[in-house]
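Look at the two complexes coming up: chain A is in both, with chain B in one and chain C in the other.
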Partner chain A sequence: MRIWMHELRLLLRARLALVALALLGTLSIAAVVAGSAEVDRQRDAIAVIAEPQESDIAAIAAWVDKSKDAGSAAYYSFHPTWDAPSPLAFAAIGMRDVAPFILRVRALGLEAQIYDGDIFNPELALPGRFDFAFLLVFLAPLFVIALFHDLVSGEREAGREPMLCALPGARRLWLRRVALRFAMLFLVLALPFTIAAIHSGAGAGAILLILAAAAAYLLFWIALALLVGRLGWSSVANAATLASCWLVLTLVLPTLAHVTINRAIPVGQGTEIALAQREKVNSAWEIPREETMRRFYATHPEWADSPPLGPEFHYKWYLAFHQVGDESVAGQVRAYRAGLERRDAAARTLGWVLPPVGLQALLTRLAETDLEAQLAYQDRIRDFHRHLREFYYGYLFTDRPFGQEDFARAPRFASP
Partner chain B sequence: MPEPASASIELSGVSLSYGAHRVLDGLALRVDRGMIYALLGGNGAGKSTTLSVLLGFAKPDAGAVRVAGLDPVAKADAARQRIAYLPENVALYEHLTAIENADYLLALSGEPKPREAIVGAFGAAGLQERAWDQQLGGFSKGMRQKVAIAVALLREVPVLLLDEPTSGLDPRATADFNGLLAAVRERGTAVLMVTHDLMSAVDVADRIGFIDAGRIVDEVAAEGAERFDLRALHDRFANDVAAA
Partner chain C sequence: MSPTLLIARDELRLMRRNRVAVIAFVLLVLLTLTAAVTAWSHQQGIADLRQRHQTAADSAFDAQPNRHPHRVVHYGTFIFRPLGPLAAFDPGVDAFTGNSMFLEGHRQNTANFGDVRQSSLLIRFGQLTPAFVLQAVAPLLLIFLGYGAIARERERGTLRPLMLQGASRGQIVAGKLGGLGLVALLAGLPAMLGFVLIAGQPGAQVEPMAVIALGYGVYLALWAVLILLVSALVKRSRDALLALLALWAVLVVLLPRIAPDMAGAAVPLDNRLQTDIAVARDLRTMGGSHNPDDPHFARFKQAVLERYGVGRIEDLPVNYKGLLGMEGERLTSELFNRYAAESYDAQERQNGTVRAIGVLSPAMALRAMSMAAAGTDFAGHRRFLEQAEAYRYDLIQRLNRLQANAVIYADDTAQDPDADRRKRVAADYWQAMPDFTFRQPDGLTLAAAALPSLGVLILWLIAAGGGLLFATRRLGAR
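What follows is the complex of A and B.
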C-alpha cells in the first residue's frame, strides 16, 4: 500500500499529470451537467405538453360541438406524441439532438408530418453535443496521451531509467505506474457519470456495461501509448505520434468511413418523402373523388359500405386521399428506412475495427438515443396514428355525430 | 587466521558483442567483500558494458557472471536485491524532498525504512540536515550522490556499483565521497567503480584494474602505506588510454 501512496504522490506532484487529471475531472463534470441539462430540458418540454393540449382540445371541442362534425375534429385536433429520454440519455444525447422528440400529429397524412421535422438542428449534427460520450470518445484519448506518452521516455530523459531498472521488481514498477494512471483517469472520468447515472435511475447492468466499455476504451489507448513508448523515441516524438494516431482514429478514418458508407448506401432525404406525399395529396384535388374512394376502399374494405359521397365536401374523402397519399409513398418510406438501417449496420460493423466508432455506437444504444431508438419512436407514432385514424373513421364513414364528449374518447399516446 | 575473502562480484571469461563489434572479450575480474575495485579505461573500453552485465541489462555471449553468488540475468530480481547502483548522474525526483526520494527508492526496493533510519543514513552520508526536507531541484551532484549512497547504506546491500562517481565533483566533494566509500567498505560491501579519475581511484581503491578492448590488461593492488605508485600508475593508465 505504501508504495502505491508513493506513486500517487509522485504522479500528483507532476504538473502535467495534475493539470490533466484536474481538467479531465472538470470536463467530465461539465459533460454530465450539460447532458443532464439537455435531457432535463427535453423532459420539461414533454411535461408541459399536457396543459396547453387540454386547453387546445377544449377550445376545438367547444367549436366542433356546434357542428358535431367528426371531420373538423380530425382536421383541427393535434395529438401529442413524445419520446421520453431514457435514464442514460444524458450520457449520450445521440440523435435526440437532430431528431424530434415531440411530434404533434393529426389524423391526416402521417408521412409528411413525420418527415417535415426530419432534421431540426442540423448545426449540431456534425460535431455532436458536448456530453459524456463526446468526452469519452474524442477527448479522453488526449488525456491518456498526456499521462502515458512519457511514462518510460520521461524517466530516460531525466536520467533515472537506469537506476530504476537496476532496482528489484523494476517490471512491477512500470505495471504499477500504468495501473495507477489508468485508475486515476478512469476515476475522474467515470465518477461524475456514475453518480449522475445512479441519480437518474439507470439500471446497474447498463451502468456497469458503460463503465466496462469506457475502461476497455482507455485501455486500448493506453496499449497504443505503451506500444509507441517501446519504440524508444523521445517524449516529444511519442506525443506527436500518439496525437497523429488520435487524429486518424477518431476523426480522419471515421469521416472517410462515413463518406464511404454514404456513397455505398445512397439514401434520400426524409423531406423528399414529405414532398412526394404532399404532391400526392395535392394532386388528389384534381382526381375524381370516386376514383380516390375506390383506391381507398380497395385497401380498407371495412369502410366500403359507407354511404356514397354527395356533391358537397366530406371529410371522409379528404382523410381518404391523405391516407392514399401515405400509402403511395409507403415504398419510399420502406426504402428510406432500410437504407438508414443498412448504413447504421455498416457503421456498427466498422466499430469492430475502429474503437471510437464502436464505442459511440455502444453508448448511444445503451442510452437509447441511436437510430434504432429513433425508428422505434416512429413506429410508436405510426401505431398511435393508426389508432387515431380508426377512431375518426368510425365517425366519418358512418356519419356519426362527433360531440364534445367524444374528444375524451380519442386515443392518447402512451410512452413506454 | 584471517577469514578468506569471498567474491561478491565475479566475472570470468565474459564476452559480449553488439553485432560485429566485440565489446567484452574474455573479461575476468573479482571483487571481494569489503573491497573497492576501481575499473579504469578509456572511452569504449567496456567499462559501462561491464556494469550492464553485472546489472543483468546485457546477457553475455560467453563466460560466467556472479553477483553475490547469483546470475544477474537468470536471477535478475534476486541479484538486484543485493545491488545498489549509482549511475554517473544520479538523477532523482526533483519535485520530491531528499527524504521523500529516499523513502520512495527504499519502498521500490521492497525495503521501506522509518524516517529516523533515513535521516540517520543521511547523517552518515554527510548530507546536511537543512537539505533533508528540501526538494532536490537545487541539489548538486554531490548532494544527490549522498542521498543515493544513504539509500544504499540503508538497503545494506553487499554490492555497490558506481559509474563515474567523481566526474563533475570538485576536489572537496570528491574527498567527501571517497571518505564515504571507505565507510561503505568498512561495512563489508564490495564496491566496483568504473572511472576515468585515476586520482580518486588511487585515493580510495584497494585494487585498480585497467580495461581495454573488453578485457583487463593490467591490475594493481594497493600495498603498504604508500598504496600505489602514482607515477607508475599514471604511465600505465596513459598508455592504456592511448592504446585504446
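What follows is the complex of A and C.
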C-alpha cells in the first residue's frame, strides 16, 4: 500500500498530471450539470403541457357543444403526446435536441403530422451538445494522451529508464503506474456521472454497463498509448502520433463513414410520403364518396353498417379519406423506416471497429435517446392516434352527439 | 540571401525531412480533396433531389382538375429550400433544418425531413466538408509542424549560436513564421481549388467568396502566429506541443459545444405546443372565420355591405365567402408572423450570445463568418422561412380572391346534387398561379453579414501578433 501512495504522490507532483486531472474533473461535473439542465428543461416542458392544453380544449368544447358535432371536435382538437426523458438521458442527449419530444396530433391523417418537428435553433444544435457522452467520447482520450504519452519515454529522457528497468519487479512498477493513472482518470470521469445517475433513478445494471464501457474505452486509448510508447520514440513524437490517431478515430473516419453511409443507403421516401399522402387525401374530393367509404370499410369492417352518406357533408367521410390516405402510403412508410434503420445499423456495425462510434451508440441506446427510441416514440404516437380515431369513429359512425362532457372521455396519451 | 529567407528555407527543409510531417501533410491534402469532392457531389445530389421534388410538386399543383378554390387552399403546395452554390464549401445548418415545407391555408407548418433526423448517429460527429477540414484539422497539422520551431532551438541550445551568427531575433522569428506560413498557405490551397469549382457555378457571388478566402487566410495565419508565440514562450518543445494541443482542444472542440448550452439556458425558446395554443387562443379573442357569429366578423360583414352599398350578402357583386376567407387568412397570418418573429428573434438572441462567447474562440468566429458568407447560417434559413410564408400568404389570398370573383355565392352555398360541379373553377387557374422561387440574397448582403466575425478574427491576429512581437524581443534572454 505504501508503495501505491508513493506513486500517487509522484503522479500528483507532476504539474501536467495534476492540472489535467483537475480540468477533467471540472469538465466532468460541468458536462453532467449541463446534460441534467437540458433534461430538466425537457421534463419541465412536458410537465406544463396540461394547463394550456386543458384551456385550449375547454374553449373548443364550449364552441362545439352548441352543434354537438363529433366531426368538429375531431377536427379542431389537438391531443398532446410526449416522450419523457429516461433517467440516463442526461448523460447522452442524443437526438433529443433535434427530434420533437412533444407532438400534438389530431384524428386526421397521421402521415401529415408525425414528421413535424418542434422549434429548435439549428445553429445551437450544429456543434452538438456538451454532455457526458461528449466528454467521454471526445475529450477523455485527450487526457489519456496527456497522462500516458511520456510514461516510459519521459523516464528515458530523464535518464532513469535503465535504472528503473534494472530494479527487481520493474514490470510491476510500470503496471502500477498504468493502473494508478487509469484509476485516477476513471474516478474523476465516473464519479460525477455515477452520482447524477443514481440521483435520477437509473437502474444499477445500466449504470454498471456504462461504467464498464467507459473503463473499456479508456483502456483502449491507454493500450494505444502504450503501443505507441513501445516504438521507442521521443515523448514529443508520441504525443503527436497519439493526437493524430485521436483526430482520425474521432473526427475523420466517422465523418467519412457518415458520407459513405448516406450515399450507400439513400432515404428519400420522407418527402415522397408527404407528397403521395396529400395527393391521395385530396383526390377523395374528385371520386364518388361511396368509393372512399368502401375502401375504408374494407379495413374497418366494424363500422360498415353505419348509415349511408346523404348529400350533405359528413365528417365520417372526411376522417375516412384521411385514413385511406394514410393506408395508401403504408408501404412507403415501411420503406422509409427501414432505410433509417439500415443507416443506423450500418453506423452501429462500424462501432465495432471504431470505439468512439461504438461507445456513442451504446450510450445513446442505454440513455434511450437514439433513433430506436425515436421510432419507439413514433410507434406510441401511432398507437395513440389509432385510439383517438376509434374514439371519434364511435360518435361519427353512429351519429351520436358529442357534448362538452365527451371531451373528457377522449383517450389520453400515456407515457410508458 | 537575407537571414529571414535562409531561416525559412531551413525550417521548411527540416519539415520535409520529417517523414511523419510529410505524411500528415499529404493526408491533409487528400482529406481536403476528398471533402471537397464529397461535399460538392453531396450538394449536387441534394440540389438535384430537391429540384426534382420541386418540379414534381409544381406539376402536381398545376395538374389539379377543376376544383373549388378553397379545396386548393387545403391541397396546398410543397416547396423545397434550394442550396446556394457556397453550401458545397460550408453547408452550415442545412442538415439540421428541415428542407421541405407544406404550405396550406390557415396553418403555418414546420420545415420537415432534415438530414439530422434521417441520418445515423454519425452526423453528430461532424460533417466532412472543406470548411470543417480547414477549421479543425488544418490547425492541428500546423501545430504538429510548428510547435518546436523556436522551443526546439532553445532546447538544443542552437538559438544563441544562431543569434551570434548575426541573425536578429526578429529575423529568426520572421523566418520561422514565413516557413510555417507557407505550409499554412499550401494546406489551405486544396480547399481553395474547390472554391474555383464553385466559382464556375451559376449564381456564384464574388463578394462572399472573397470574404471567405480572406477569413480562412486570417485564421490559418493566426494559428501560425499562435504556434510561434507558444513555441517562443515555453521552455521545452514537449510543453509547447501539449500547451498547443490543449489550446486547440479548448478553442476548436470544447468552447463551440459549451457556448450553445449557455445560450440556450440564457434565452429560453417557446416550443411549438405553447406557440400553437397561444395562436389559437389569440385567434379566438380576435375572431375565427370558421365561426359565423363572431363579433369581429359581424363588423367585417357590415363594412363589406356598406362598401358595396347593398343590404344582404346575397346581393353582393362578389362571393362573400371568398372575402371572408381573405379576412380570416389575414388575421391568422398576422398572428403566425408575430409569433414566428418572436421565435426567430429569440433564436437570433441565442446566436448573438454564442457569437459573444465566440470572441474567445477564433474557431467559433470563423465558423460564424463562414456560414454567414455562405448563406447557410440561421439567418439564411430564416430568409427561406420568411419568403416561404410570404409566398404562402400570397398564394392563399390569390385562391380566396379567385373564390370571391369566380365562384357565385349562390352556388357556393347550394346543397343540390349539381352544386359541386358549379362550385368548381377551371383547371387553367392553377397553372396561372406563380411557383415559389427562393431569392438568394445578393453577394454584398452575405459579405456584410460575415464582416463582424471577420473583425473578431483580425483582432485575434493583431493581438497574437502583438504577443509574438513581445515574445520576440525577449527571445534568448534569461
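Rule of thumb we're sticking to: the second predicted complex is superposed on the first by the 395 of 416 C-alpha atoms of A that agree within 3 Å, B and C clash if a C-alpha of one lies under 4 Å from a C-alpha of the other, contacts with A are read in each partner's own complex, and residues count from 1 in each chain.
FYI, contacts are C-beta pairs under 8 Å (C-beta built on N, C-alpha and C of every residue); 3 or more make two chains touch, one makes a residue touch a chain.
Just so it is clear, the structure is predicted and the values come from calculations on it, not from any experiment.
Engineer: Report clash or fit for the pair chain B and chain C bound to chain A in the combined superposed model.
Structural biologist: Verdict on chain A: chain B and chain C fit.
Engineer: Once the two structures are placed together by chain A, how many degrees is the angle at chain A between chain B and chain C, based on Cα centres and rounded to a multiple of 10?
Structural biologist: One gets 90 degrees for this angle.
Engineer: Once the structures are superposed on A, label A:Phe134 by its partner contacts, choosing first (chain B), second (chain C), both or neither.
Structural biologist: second
Engineer: Where does A:Leu10 make contact in the superposed view: on chain B (first), on chain C (second), on both, or on neither?
Structural biologist: Only chain B is touched by A:Leu10; chain C is not.
Engineer: Look at A:His258 in the shared chain and tell me whether it touches chain B only, chain C only, both, or neither; answer first, second, both or neither.
Structural biologist: Touch status of A:His258: second partner only.
Engineer: Figure out whether A:Arg104 sits in contact with chain B (first) or chain C (second), or with both, or with neither.
Structural biologist: In the superposed model, A:Arg104 contacts chain C only, not chain B.
Engineer: According to the stated criteria, A:Trp352 is in contact with first (chain B), second (chain C), both, or neither; which is it?
Structural biologist: neither
Engineer: Would you sort A:Pro162 into first (chain B), second (chain C), both or neither based on which partner it touches?
Structural biologist: A:Pro162 contacts chain B only, not chain C.
Engineer: Of chain B and chain C, which one touches more of chain A's residues?
Structural biologist: Of chain B and chain C, C contacts more residues of chain A.
Engineer: Taking the superposition on A as described, I'd like to know which of chain B and chain C A:Gly270 touches: first, second, both or neither.
Structural biologist: A:Gly270: touches chain C, not chain B.
Engineer: Looking at the overlay, does A:Pro311 come into contact with chain B only (first), chain C only (second), both, or neither?
Structural biologist: The answer is second: A:Pro311 touches chain C but not chain B.
Engineer: With the two structures laid over each other on chain A, which partner does A:Asp370 touch: chain B (first), chain C (second), both, or neither?
Structural biologist: In the superposition, A:Asp370 contacts chain C only.
Engineer: In whole Å, what is the nearest CA distance you get between chain B and chain C after the fit?
Structural biologist: Closest C-alpha pair between chain B and chain C: 14 Å.
Engineer: Shared contact residues on chain A for chain B and chain C?
Structural biologist: none
Engineer: With touch defined as at the start, can you tell me which chain A residues reach chain C in the complex?
Structural biologist: Going through chain A, the ones touching chain C are 16, 27, 30, 34, 37-38, 41, 45, 49, 52-53, 55-56, 59, 63, 78, 80, 94-95, 98-100, 102, 104, 112, 115-130, 134, 138-139, 142, 145-146, 150, 235-237, 239-241, 243-244, 247, 250-252, 254-259, 261-263, 267-268, 270-271, 274-275, 278-279, 282, 285-286, 311-312, 340, 343-344, 346-348, 350, 356-357, 360-361, 364, 370-371, 374.
Engineer: Where on chain B is chain A touching in the complex?
Structural biologist: That would be residues 55, 57, 77-78, 80-81, 83, 85-87, 89-93, 95-96, 100, 103-105, 107-110, 112, 148, 161 of chain B.
Engineer: How about chain A: which of its residues touch chain B in the complex?
Structural biologist: Chain A reaches chain B through residues 2-3, 6, 9-10, 13-14, 158-160, 162-170, 173.
Engineer: Flag every residue of chain C that touches chain A in the complex, lowest number first.
Structural biologist: Checking each residue of chain C against chain A gives 20, 24, 31, 34, 38, 42, 49, 53, 56-57, 60, 65, 67, 71, 74-76, 78, 80, 92-93, 96-98, 100, 102, 109-128, 132, 136-137, 140, 144, 147-148, 237-238, 241-242, 245-246, 249, 253-254, 256-261, 263-265, 268-278, 280-281, 284, 291, 343, 347, 350-351, 354, 371, 377-378, 381, 415-417.
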